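Next come two complexes, and both contain chain A; in the first it sits with chain B, in the second with chain C.
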Partner chain A sequence: MTAIINGVLSGSAYALIAVGFVMIYKGSRIFNLAHGEIGAFGLFIAWYLHNHKVPVLIAFVAGVVVATLVAIIVERTLVRRLVDRSPLAAVASTLGVAFVLAYYEFLQFGVNIKTFPPPFGTFSFNIGNLTVTSSRIMLLVFAAATAAGLAVFLKRTKFGLEVTAAVSDKTLARLSGIRVNRTRMFVWALGGATSGIAAILIASVNTFTPLSTTLVLIRGLTAALLGGLTSITGAFVGGIAIGVVEALVTAHTTVQGADYTAVFVVLLVALLLRPQGIFGGSEA
Partner chain B sequence: MALKRRQAKIGAAFIVVAFAAAFLSMTFTSEYTAYVLGTVVVSAIAILSLNLLMGYAGQVSLGQAAFVGIGAFAAAQFADWNVPFPLTIILGALLAALVAAIVGLPSLRIRGLQVAATTLAFGAVAQYFLFARPWTTNSGQVTVNRPHVIATDKAVLLTGLVGLLVILIIDRQIRHSRIGRAFFSVRDREDTAAARGVKVGPTKLQAYAFSGLYAGIAGGLFAYLLQTVSAPSFTVFTSLGYVAAVVIGGLGSWSGAIVSGAVFASIQQLLSGIARYVPIIEAGLLTTTPVLRPEGLGYILNRAVFIPLPAFKSEKREELELSRAIELIAPPKRPLSLSVPTRSLLIAKDVGVRFGGLVALHDVSMEVRRGEIVGLIGPNGAGKSTFFNAVGGFVKPNTGSIHYRGKDLLALPTHARAGLGIARTFQQVGLSGAQAVCENMMFAQHQLAIEYGLTSALLSTPDMRKVERQLQTRARAALEVIGLTDYTEERVLNLSHGNQRLAEVAAAISTGPELLMLDEPFAGVGPEESEQLAERLTELRAELDLTILVIEHDVPLVASLCSYIYCFAEGGMLAEGSPDEVQNNPDVISTYIGEPLAKEAAGA
Partner chain C sequence: MLRLDNVHAFYGPVQVLFSIDLEVNDGEIVALLGTNGAGKTTILRVISGVKHPALGDVVWNGESIKGLRPPDVLRRRIVQMPGGRGVFPGMSVQENLEVAGFSFGRDSERLRRRIEAVLEFFPLLADRRRQVAGSLSGGQQQMLTLAKSFIVEPKLLLIDELSLGLAPKIVEELLEIIIRLNRDGVAVVLVDQHVDLALSIANRAYFLERGEIRFSGPAKKLRGRDDLLRSVFLAGARA
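Now for the complex of A and B:
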């Protein structure tokens, strides 16, 4: 039971990453391979500010804002130019961005293991022998709120429907007065913000290094794929599911890497049985 | 063709000189230089493996280092079991090929970026689980003992160069055979590929397997070069670095792949002072290459090496007489089967297609007789293309039957239908824009080339060369018949829209079809060109003994071309008859006049 609660809590980190990733995919039909690194960049800014005596909550907000801005810059300078010509080239260029950010962090901040204090206070409580800190709860809150908010936003608001319409038929969308570039930039900004929130909160749960975010991104991506890639709800559920599977495996074996391998097997089986993903086809 | 052959020769000469230089220099290089060059060769092979997968077959792998790692660990393990030396690398490579094919399995059900994500996931599993197992040794690091024959770094480098040469030859054979054409077609458009008789799924797995094979060879060489194998050499970051090198080199450009791989690997080894900035330079190039120079390094390289040479356009090419050309591609005389004593080629009965709740086609029955030109008209969304797709096997009708020469088409898989003598064109041009016109024509005849297998392709056996020559001749004949011989070596995307349409018809004709199905061949073609094309089609019918089924919007054009017309509306049959009957049918008139013009405009 504690393993499951633990799984839900760590899964919410993957869920938050996955929701942002799916949002960007829905709004521009490309993979943002820099999704994790953009958040990590925000994290390093927050960490740097906090080390220079900036209050932790302000550092957190600043980090999220920086991540959002970086995402917007990437969209405006690269994605916008490439997405119509070659989606593959656009994806490759986001990989380039990921490299640039990762190595910048690496050269600037070094490889030492770092810590970041929880932005939302240091309270914690115990369930059985499991300690639940404020950051873990906040990850779950942010993930659930973002997923629910986006699902409603995409289905119920005019602008949300435009986001989906903009990628299904660009010409038609433009003729109907949808500003395709604007909706795309919006989803990237949103993706950057969620990535920043996720990265900083995850860092305040564990320690971090310039390369640790990539591993979280891989799990987030797996969650998105499991959830069907276009479903916000699916991404959220997929993230939680991965957290639970990993926690259960870890509780029963000490074999290194077994947790993620179990997730991979689940993914393969799920994709072969249901290629569209668990929630695929649904547009929520 | 002459220019191209010349380039190929120069390219080959270039490689021979480069390898000769490399082998000769072996006598006076130091062990250290040999080691550095060895790492360069290894990464070049690894990058070639990804170039094949991404550049040729269009399947993205973000976990390529895992296959290299499998090759390395396996070679080490086989060496430990006292398997003799070159066999260790070969067995390891075969294992890597097998694993790659398995990892490629999801590509049968999902596409593009989704598959990319599963390969990334596999890369992570390999890094953290497979390669971290104590099945190797407890330290997570395996030691490889070099046998006597390759005791020195120089000897390993020599082995690596031989390996690279072998892979370059395999790569060339693949590119210039039906195997490679199948890869390119799957990369560019899966539906066209299937229409040409390519088995899309097996083709993808084949690409994964070949890619795994190359990667495994790289891994085996790596094991002998470093003499230790451990997980940190094959991380997800290594994989992403390979992707970077392939993109910078230019997708699908083997020369670019080698150069970009070699440059980064050697900088990293030789100039340790700036080595730490290499990743950032690489990342910067990766980010900017797609924006500034999408063709990558390979393109620049090609220009640098080949353009200064005079163009040898004047080389004599035997002219193909039109009559001879027609003879060459006229369909083999297939007698109508005796059991079906009718002149009808295609008979559709009560065909219905539903997509979810949407009825795309209902109760459509039609008949196409031998030698006729039959028109299919109707407003957008009437179900015309859906009907074509039902005949071609891209959608499965829920009701009804379609027979071709008395054969039940619906019982046949898509790729098998292509061999029956049915050829079609697509509404959006179905040719590979990046390939030359001639290569597209050769690919169009894919199902005719099935007569040779993988081994023949790799070894260039006489029967493979014979088939290839036949394809080339037929390709040229088709271009002659359509009148496009001037563009034989031009890339399709450089052709005018009208010529692209013509090239598509030529591709369809090159297969020697009986039934030619044309989906809006006049779309986007000017009125004058349209008339010419229509005239040419009528002539072709007589010359090649063709039966034609054509979808078109322009009613007067269809009326002048066809002897019989079917009109669809909202998925059903609205009217049929001679051009006069259909044109004067009140339902047809009201459908065409009543239809808001805006709808036509938006969809066209």
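Now for the complex of A and C:
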């Protein structure tokens, strides 16, 4: 039981990353490989501000705003120009962005391991012999709230229809009065904000370095695939499932890398049994 | 009402329209005819703002609309019905109609009223408003495409390949709807591969060949000119 609770809490980090990744995929049909590093860039700015006596909550908000702006810049300068000509080039360019951002973080902030304080105060309680901290609870709360909010937003609002129309048929969407580029930019902004929130909250639980959020993105991407790629709910469930699998394996073996291997075995088996993912085809 | 003055257009380095002069008057049905690749669809795209001309002007009721984006053109109630598939297949009939009214902005009451009015006009769609558009038959999808264009109460309707892939009976029904719409004062530009069909309802027609207007005139007169039709379509086929 303790392992499962532990897994749900760690899985919420993957879920939060996966939800933003899926949001961008749903709105532009692009695998944003810079998703983790865009958030990390916001995190480094938040860390820098906090180190210069800015209150942690303000630093958190500033970091999220910076991540949002970086996502908008990436969409406007690269994705918009490449997506129609060569979607593959657009995906490759996001990998380039990830490395450029990581390299900048190395140069500007150094390679040493850093920490970021919990933005929403510190408290803890015990469940059995497991100590649950405020940071881990906030990760779960934010992951669930973001997933629920985005799912409702996409399913029940006019903007959700706009996003579906814009990725379904660009020309038809434009003829229907939809500003396709603006819609995609807004989706990227939401994805950037989610990535910033995820990176900062993950950093309040673990330590961080440049590229550490991109490593979390690999699990987030696995969660997104497990959930069905176009389903926000699927991404959330996928993230939690991965966290639980990792925790269960870690609780039962000390073999190094077994948790990681188990995650990919689960992914492969799940995709063999259900190639469209757990929630594949669902738009929420 | 609508005038194209000396319009030239390119796709990359390839010029596809050469010095197009075209007019649509109030309440007219104008047919654009020609073989594949003649430039008919590009002319519709230039009018609706999907394609911007490299040279020339597009004038709507005295105002230049050249360079406007499709949402701005749509706001002037110029509506293009795209050729082939004109619906979002993953959305329901209702959602497709809602998307067609995006130009109303936050006026959801106006949108609701228009959707009800349109569904009254298309009772077959009213019975299927929760059905996913992709599961409708080809004729029903084309009917939904037409219904979508009614949402904004068009002043000018640009129709690209109305009859594409449809049974003659369905085409006849759709043509009747267009004629009724035209009687209510909506001008129509009709692009269709079926010359007889287009000329049967058009007031005037333009014949295009490789991006140029070869000749134009009243549809009645052109209907009997097999020699002209043959020369355009054979030249197009040889190109």
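The working rule: the second predicted complex is superposed on the first by the 284 of 284 C-alpha atoms of A that agree within 3 Å, B and C clash if a C-alpha of one lies under 4 Å from a C-alpha of the other, contacts with A are read in each partner's own complex, and residues count from 1 in each chain.
Methods note: a contact is a pair of C-beta atoms (placed from the backbone, for glycine too) under 8 Å apart; a residue touches a chain by one contact, two chains touch by 3 or more.
These numbers come from a predicted model, not from an experiment.
Colleague: Give one word, clash or fit, describing how chain B and chain C relate on chain A after superposing.
Modeller: Here chain B and chain C cannot both sit on chain A without a clash.
Colleague: First (chain B), second (chain C), both or neither: which does A:161 touch?
Modeller: second
Colleague: Once the shared chain is lined up, is A:179 touching chain B (first), chain C (second), both, or neither of them?
Modeller: Touch partner of A:179: chain C, not chain B.
Colleague: On chain A, which partner's contacts cover more residues, chain B's or chain C's?
Modeller: Partner with more touched residues of chain A: B.
Colleague: Touch test for A:107: chain B only (first), chain C only (second), both, or neither?
Modeller: So A:107 only meets chain B here.
Colleague: Is A:221 contacted by the first partner chain B, the second partner chain C, both or neither?
Modeller: Touch partner of A:221: chain B, not chain C.
Colleague: Could you say whether A:1 touches chain B, chain C, both of them, or neither, answering first, second, both or neither?
Modeller: neither
Colleague: Chain C: which of 3-11, 39-47, 165-173 or 219-227 bumps into chain B?
Modeller: 165-173
Colleague: On chain A, what residues does chain B touch that chain C touches as well?
Modeller: Touching chain B and chain C on chain A: residues 172, 175.
Colleague: Over in the complex, which chain B residues touch chain A? Could you list them?
Modeller: Against chain A, chain B makes touches at 54, 60, 105-106, 109-110, 112-114, 116-118, 120-122, 124-125, 128-130, 132, 236-237, 240, 243-244, 247, 251, 276, 279-280, 282-291, 294, 602.
Colleague: Going by the contact rule at the top, pick out the chain A residues touching chain C in the complex.
Modeller: My answer: residues 158, 161-162, 164-165, 168-169, 171-179, 283.
Colleague: Using the touch definition up top, name the residues of chain C that touch chain A in the complex.
Modeller: These residues of chain C touch chain A: 48, 50, 69-71, 74-75, 79-80, 82, 85-91, 95, 98-100, 102-103, 148.
Colleague: Along chain A, where are the residues that touch chain B in the complex?
Modeller: Chain A residues touching chain B: 30-31, 33, 78, 81-82, 85-93, 95-100, 103-104, 107, 172, 175, 211, 214-215, 218, 221-222, 224-225, 229, 255-258, 260-261, 263-264, 267-268, 271-272, 275.
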